[in-house]
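Next up: the structures, one after another.
Look for chain A in each of the two complexes below; its partner is chain B in the first and chain C in the second.
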Partner chain A sequence: MNTRHVHAAQGLGLAAFVSSLEYLARSGAVGRITLVPPSEMGTTLVNLLVSGEITGDIWQTFSVVLGAFSLAVLVGIPAGWALWQSAELKEILDPFIITYYAIPVFVFYPLLLVVFGFNRLPILLIAFAMGVVAVVINTANGFEAVDQVYLDVGRAVRLSRYQRFRHIALPAALPYVFTGLKLGFIYSLIGVIASEFILAGSGLGYLVSNYYTTFNTAKMYAVMLFVVIVSVAINQTLLRIEGRLYQHRVNA
Partner chain B sequence: MATIELEDVSKTYDANKRDSGVEAVRNVSMHVGSGEFVSIVGPTGCGKSTLMEIVAGLTDPTAGEVTIAGEPVTGPRRDVGVVFQKDSTFPWRTVLENVEFGLQMHGVTFDERRERSRDVIELVGLSGFEDTYPNELSGGMRQRVAIARTLVMNPAVMLMDEPFGALDEQTRIMLGDELLSIAAKTEQTTLFITHSINEAIHLSDRVVVMSARPGQIKETVGVDIPRPRSTDVFGSERFNDLSERVWELLKPEAESGLQR
Partner chain C sequence: MMAAAHDTRRQSFVLSYRNASRIGAVVLLLLGWRALTALVGAAVLPGPVETVGVATEGIIVEGWMLANFVNTLAALLGSFLVAVGVGGVIGIVLGSRESLRAVFEPFLLNTYAVPKIILFPVFLFIFQFGIDQKIAFGAFHGTFPMAIILMNAVREIPDIHRDVARSLQLSRWQNVRYVVLPSVLAPLIVGLRFAFNLSFLGVILSELFAARSGLGLILQNALGSVNRPYIMGVTFVIVVIALLVNFVFYGVQRYLEFNWGISVDEGGM
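What follows is the complex of A and B.
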């Protein structure tokens, strides 16, 4: 199949899904408490955005995501580099890193709430905890995968340690590091919204949960739609950058 | 006068978790004259790559000393260029950016490094590919880029570790031929490592035959075929005699290498 056919099939599938939801809701087959027509989700979302009703929550959610993600990068890249530099450190930490994603970090959320109080900090820490290890692992893997011959070229032309890092190891590892950033961002976003959903007083996750418990189905779906649109847009952007980083790799 | 002098060079790799220590090279002494082209042939694992790393200053010998242009080698040198067997072109840089890499790192101005890089790119026959990325080039062309990246630094000594080892036979012969004309122009001293007997004879003034591990020099064979040479030397009577002579020396070593 060529790309145009694939895109056409994907668009058709999505359109069929949305229209069937529209039909189910409009025909009354599914009650309004459960489902509103997608067209109404859209108009409700536009109204929410225009009225400014959810602006504070959008800002709240994305500032925490950005904070958690930045922290994950600031800690994760140096940590990944350290793991590459020190075989001992890697040997010691390996079992912990491998086990890490088997632990649902959300179970610590109540504990963090008790320790840090009912504010943004526990959410930020959960999101950081979810994002940071993806950055660490991918950074370490990226450096690990740097071909020794590249580093030998650097030594042969008498580069300093810093030059070898900056001009050889880093560009060679960059696609992997970026994959770590991409995953780290997405995990941070999931961490923030899920935490807000569980227990918070503001933010997009809180809105979904709040509209749900108050039977405000149209607004609940509108916020969900917003989260989906923004996440997909961010992910597409990151994928595009990633593709550009990989495009000249021999084995890509 | 960039001569290379090896005096009783030995190298034993330290024991680690996997190995009980390996004696790679034992008591190697040799001399490469200024502008001379010398090849080292030997069975797989005879330590010829180790020997080159030592001459390049990338690895320290356990015993003995290497002298280049009269100075003991303590690390990588400005006047020594190295070409590796593995594809070492940087995929994130274009051909031109690859070639100018060393100059750029050493602070040569943009205009000067571009001009010098273009000259060398022409010399290795890659004109027109300046803005191409390595993944769009064949293995042979990528190896030319690696050679150009080394040549641009104007080394008095070229160390080449099976630079054409990963290429097919025809490409290998053609690149060897080009290397001959480049070496004639630059008048540099070349130490060339290969496992191809024909390649060694085609290119060299002398062929050093090494024994199986621990690598020692078994014998040196002088190649008295007049220069300039071309691919026409293949199949000539003198070429076949020399080839046979080197093979006679190498055969028992290759056999003992197989029995390990």
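What follows is the complex of A and C.
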């Protein structure tokens, strides 16, 4: 099976799925309150985007995602590096990292809401808390994967500590660090959308839950479609870059 | 002998030193929480003792949390089982068939990255407000990590093992039991843990948004009436459930690592 066959099969599968939804909606087998035809989801989405009705919410959502993600990177990469530097520290903190991973961070959202009030801060904190752990762990894993021989060679040719980091450890760890960044971004996005969906006054997640409770089915599906398209596009781009980084590592 | 005895002594000293640091860190965390409570007032942020008190009162003494607690656990168990079954089958099939994997892997990876909460209304349309809907939404969250982790594990089985299995003419079941299972055991534990954690997230999310019972519902009600002790108590119970179950998974994982020499790589998820 070559790439063209694979893409054809994927395209056919998607087309079959979308047209069966279209048929279900148009034939009246499923009522309009429950499902609108995918073609109408598309046109509604275009109208929403062109009229500027949801521009503010798109901006709201992605500014918080970017804020939380930047914080996760600023905290996560140095923390991951520190864990690699001190084996003893890593050994001591290991149970805590494991414990942190196990906690469903999102359940703290109601608590943060009553402590910090009904604003964007609780959403930012949840998204940061969900994103940072992937950055820390994958950064630490990445530095650990650096072959000791290379570091020894660096020491033998008298590279400084910084030079060893810049020219040996960092390039070798980069693909893993990138995996952490990819997951960090995706988890931050999930955190923001979920918080907005459960309780917020603006943002894409809020729009979907609000259109749902006001029976505005066409607009609800339009925004849903938008979130799915955007998150798949982001993920697909990050997966490509990631694949290339690992490929580069293998070839080098 | 001498050296060995010396090593053991040194190791146990290091272990206790580490454990002392860990206990110190936990005590610091609790003291920090308590200090924060003192700073902003118990009315704003209930302290550790009060929180544990509310949790025990809700489950054991007065029991206002008990029925919802049981309901959430039932939904969680149901969705975990569905996620493991469905995700497991998808993972094994895609892991062992190259052509199917080429077609379906992008769908699997991309769906994992979509904020699934956005599709929640669809689940409400199909399953209404009962426990079926909670189970379905929880399972929807848990299935993808299970399938992805298992798919990658099956794909990594060395070709030589498959060749030997074929030359011995093992049946399909024998193949699964003696070739596939032993080599995917470690990733399987990780997959089960992720399936559990994400199913739990799915169940809680669905209870927070629309449910007639469950811990998420009490949490939502407590949020609506700004009942801080209840919010703390229920959050505490949810976190404790997650921790207890995860510790069991970790126990199994450590056992495999020490006794079977199987190490588990958790990167990439």
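The rule we apply is simple: the second predicted complex is superposed on the first by the 250 of 252 C-alpha atoms of A that agree within 3 Å, B and C clash if a C-alpha of one lies under 4 Å from a C-alpha of the other, contacts with A are read in each partner's own complex, and residues count from 1 in each chain.
By our rule, a residue touches a chain if its C-beta (ideal position, glycine included) is under 8 Å from a C-beta of that chain, and two chains touch if they have at least 3 such contacts.
Since this is a predicted model, take the numbers as computed values, not measurements.
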Chain A residues touched - chain C or chain B, whichever exceeds: C
Chain B versus chain C as contact partner of A:198, first or second or both or neither: second
Partner chain in contact with A:58 - chain B first, chain C second, else both or neither: neither
First (chain B), second (chain C), both or neither touched by A:35: second
Partner chain(s) touched by A:10 [first = chain B, second = chain C, both, neither]: second
Which of chain B and chain C A:138 touches, first, second, both or neither: second
Which of chain B and chain C A:114 touches, first, second, both or neither: second
First, second, both or neither for A:73, with chain B first and chain C second: neither
Chain C residues within the chain A interface of the complex: 18, 21-22, 25, 40, 44-45, 98-99, 102-103, 106-107, 109-110, 113-121, 124-125, 197, 200-201, 204-205, 208-209, 219-220, 222-223, 226, 228, 231-232, 235, 238-239, 242-243, 245-247, 250, 266-269
Of all residues in chain B, those that touch chain A in their complex: 56, 58, 75-78, 80-82, 84, 86-88, 90-92, 101-102, 105-106, 133-135, 149, 153
Chain A - residues contacting chain C, complex: 1, 6, 9-10, 13, 34-35, 88, 91-92, 95-96, 98-99, 101-104, 106-108, 110-111, 113-115, 137-138, 141, 176, 179, 183, 186, 189-190, 193-194, 197-199, 204-205, 208-209, 212, 220, 224, 227-228, 231-232, 234-236, 239
Residue numbers on chain A that touch chain B, as the complex places them: 147, 149-150, 152-153, 155-159, 163, 167-168, 171-172, 174, 248-250, 252
